[in-house]
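First chain A sits with chain B, and in the next complex the same chain sits with chain C.
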Partner chain A sequence: MSTPGTAMDSLSAALKCNIIPNQEYLLQGSVLDQYVEVLLHRLRGLCDNVDSGPESFHDHELCFTLRAANTGAPMVLPLRVRRALDVNDAPFQLRYVGQQELGDKNRPTVVRSSIDMACSSTIVEFLTELGCRLDFEYIARGYMFRKGRMKITVSKIFKMGGNKPGEGVEPISQSYLVELSVLAPSGQDAIGEDMRVFAEQLRPLVQLEKIDYKRLGNMM
Partner chain B sequence: MGVTILTQFPTENRTGPQTIDVLSKRIMALGAIQQGQFLVDCETYTSVQQLGPQRTVHVLHNSEQPATVFSLLETGTKTIPLATDGLFDLLMMKMSSFYTSKKQTKAESKGPRYEIGDFCVKLGTVTVSSNFKGILVEVEYRPCVVPAMCWDLLKEFLQGFLGLSGPTNPPAYLQNRMQEIYSPIDTIHQYLEHFTLFRKSPVEANVN
Partner chain C sequence: MLSPERDEQLAQMTEHRVTTFAHDLVPDYLRTKLEPLAENKMLQLEHKAQNLQCDNAQKQIAAYQKVVSHVWDIVSKAREEWEVESSSRGNTQQNSSVADTHSLVAAVGMGKGLKLGPNPNGQPNPTSGGMMVAPQGRTGGPPGQGQIPPSTQAMTMNKAPSAIKTNIKSAAQMHPYGR
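On to the complex of A and B.
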């Protein structure tokens, strides 16, 4: 009977075979509140979960960064924690989202590295004590659809009101955020094309685009 | 998942493999059947100076829960446990400019795993950065999840095959948690306590 390999060995093997879904392909857009029903209706027709209907979610997301004042460039590591407010015993979700790859301008979607994992509820205290700072938090409530391995979410974003999530929340805008994403191992660029085709079918209700966060930052 | 007790077994004048041999003969004589091998490992990371007061993250894996990574964060005043999916190791790599692993600290305990009735017994050879450090015996009593309710049974079982070297008191970590429901992270805490002691101990001469 052979000794079990170390976890690090299996991780390196998985990295080598490129089977870890660590890239996120993403398109984003928005739709005004008064048209969201039309969009949901269209998505119900286009997506896989026709019979069961869309899955609803009600999540609280906390966005942390780990920073260290360094000589030269400051080091920053963004980390996000998401927890379901509507399912009590669901595990928390921890996520690292990297900078979007500059790459080819003609690429149909944003591509950024992503490490996504389930974790225990101690994660918030763990990150805080690790040295992370809470930058902002929000509540997202909406619906999730699937089409093959594409995930489509239509969510309303709320500001945190009271001390407890769910208490006195206030929507940040009169529209819904629409996201089309796929988590896949790197190099599977063909998925971008599928996403472009799908996004085309939602026009002109919603225009799903590559959003350049750096440019958004400059606009403010 | 039941209650697990981890205890060190003295090697005295024997080498590591000789000690494992003696113990496996004893447990087999009691009717245990070998069911594969096991491995628990631990890597320790410390925060870089720029991050302020020093903190330590211990990242452990246990072959009994192969899809989980356990982490224990020590701040100096408290210890925060965390259980995550396997990709946490990938995240630790991303954190390499904030938390660095000290070389020469990788600790592991590995060896044969036996089942005997309701008990699961593991005989671990402990190494710290490949240097032999000692023997850890893990016994799990699987039908029960409250330590206080099965401690006497576990003690009797342990003394049955470890003799006088068997523990007379529950492990320090469990002593004020005897009435709580036992979970896999509690086993991880016990391993870390022993690994920390082994890391401080001098290298044993009998490497083989």
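On to the complex of A and C.
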């Protein structure tokens, strides 16, 4: 494991054995501001971290894109950097999220490839040097719950206002974004069924659904 | 006489109420007296009733009726509340908005409404965050780029750009860094 060669070998072995959780199963919804307390209360009852209470977070997310225009078709590679605003020494997180697959009606969740890694604060400079351009950014503040392998986030999304995060932010809507997700190695589709059952328990407070980005794009 | 088998004749005679003449059922069928315990209880109660004064009995009946009607009130009130609540939950109470879901998902996923919209005069947008990698480095850039409406850009991010491919390309070609 000491030389890069063997590290690469073990990585490719891990990829071959399909033990890397690189698929994200996702359901999305929202809840109006005035009912968010009801939802949090229900989640407190349903989820694992009952004793410690929900974990709160306050993150700044920067979405970069890398364009390769020299090849025939313009390729756009999105990369996301997330950093905690409430924890000073937390590492930055770099994330690649692939195209989502909706699948047919029988598939309960959206599936998309997702690769996460922790990195240092220099990642922003690194990406810029690499030719990535900042496409958009936002602040997410809210709560995170866990239920087995499932992760539930309830977050308020803010548009950046001032020059520094936290200054002059402006909420995007009168609702909180609710996401239910699981990271798993590919092929573990059974988890989708668990997620569907869990989402059912949050109705009618939140309608967690497969949301088609392409259709959203057309609606705009 | 006793038999666990089905007896057709017996069934016919009893209009299919009794079909077998078996050990476990016979004592009940042939009983002409109440069960001793029940009989005892009945006797006690009858005795008590006979000894009761008439107006005393009236009083007890009145009290009993009062209690029953009170309970009836409570139950029907609870039921009314419950029905109102469930019907209002069924149709009117809205806890989430589909439009909000869509705008939030579009914002987080594609940056809708969050773009650092490049404006035509080449100045960095004053309202945009520009927090770490503001577009200053590219200011005064190609005017062609500035004229792409932000919404068009938003769509090219996550969609296979087909009709607007040329826009992107021309912008990229004029880019100072050749990207």
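By our rule, the second predicted complex is superposed on the first by the 208 of 220 C-alpha atoms of A that agree within 3 Å, B and C clash if a C-alpha of one lies under 4 Å from a C-alpha of the other, contacts with A are read in each partner's own complex, and residues count from 1 in each chain.
We take it that a contact is a pair of C-beta atoms (placed from the backbone, for glycine too) under 8 Å apart; a residue touches a chain by one contact, two chains touch by 3 or more.
What you are looking at is a predicted structure, and each value in this text was computed from that prediction instead of being measured.
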Taking the superposition as given, does A:Met195 touch the first partner, chain B, the second, chain C, both, or neither? neither
One more residue to check, A:Val206. First (chain B), second (chain C), both or neither? second
Touched partner set for A:Pro78, first chain B, second chain C, both or neither: second
What is the contact status of A:Val154 with respect to chain B (first) and chain C (second): first, second, both, or neither? neither
Touched partner set for A:Met117, first chain B, second chain C, both or neither: first
Let me test your reading of the model: by the given contact rule, A:Leu94 touches which partner, first (chain B), second (chain C), both or neither? first
Thinking of the overlay built on chain A, is A:Gly131 touched by chain B (first), by chain C (second), by both, or by neither? both
Which one hits more chain A residues, chain B or chain C? C
Chain A residues touched by both chain B and chain C? 69, 131
Would you pull the chain A residues touching chain C in the complex into a rising list? 28-32, 35, 38-39, 60-65, 67, 69, 73-74, 76, 78, 99, 124, 127-128, 131, 133-138, 140, 157, 159-165, 172-175, 177, 204-207, 209, 211, 213-214, 216-217, 219-220
Over in the complex, which chain C residues touch chain A? Could you list them? 89, 93-98, 100-116, 127-135, 138, 151, 154-159, 161, 165, 168-169, 172-173, 177, 179
Taking the complex as given, what residues does chain A use to touch chain B? 1-4, 6-8, 10-11, 15, 20, 22, 66, 68-70, 75, 77, 94, 96, 115-120, 122-123, 125-126, 129-131
Which of the residues in chain B come into contact with chain A in the complex? 34, 36-39, 41, 43, 47-48, 50-52, 55, 57, 61, 63, 66, 69, 71, 73, 75, 78, 80-91, 94-95, 97-98, 108, 110
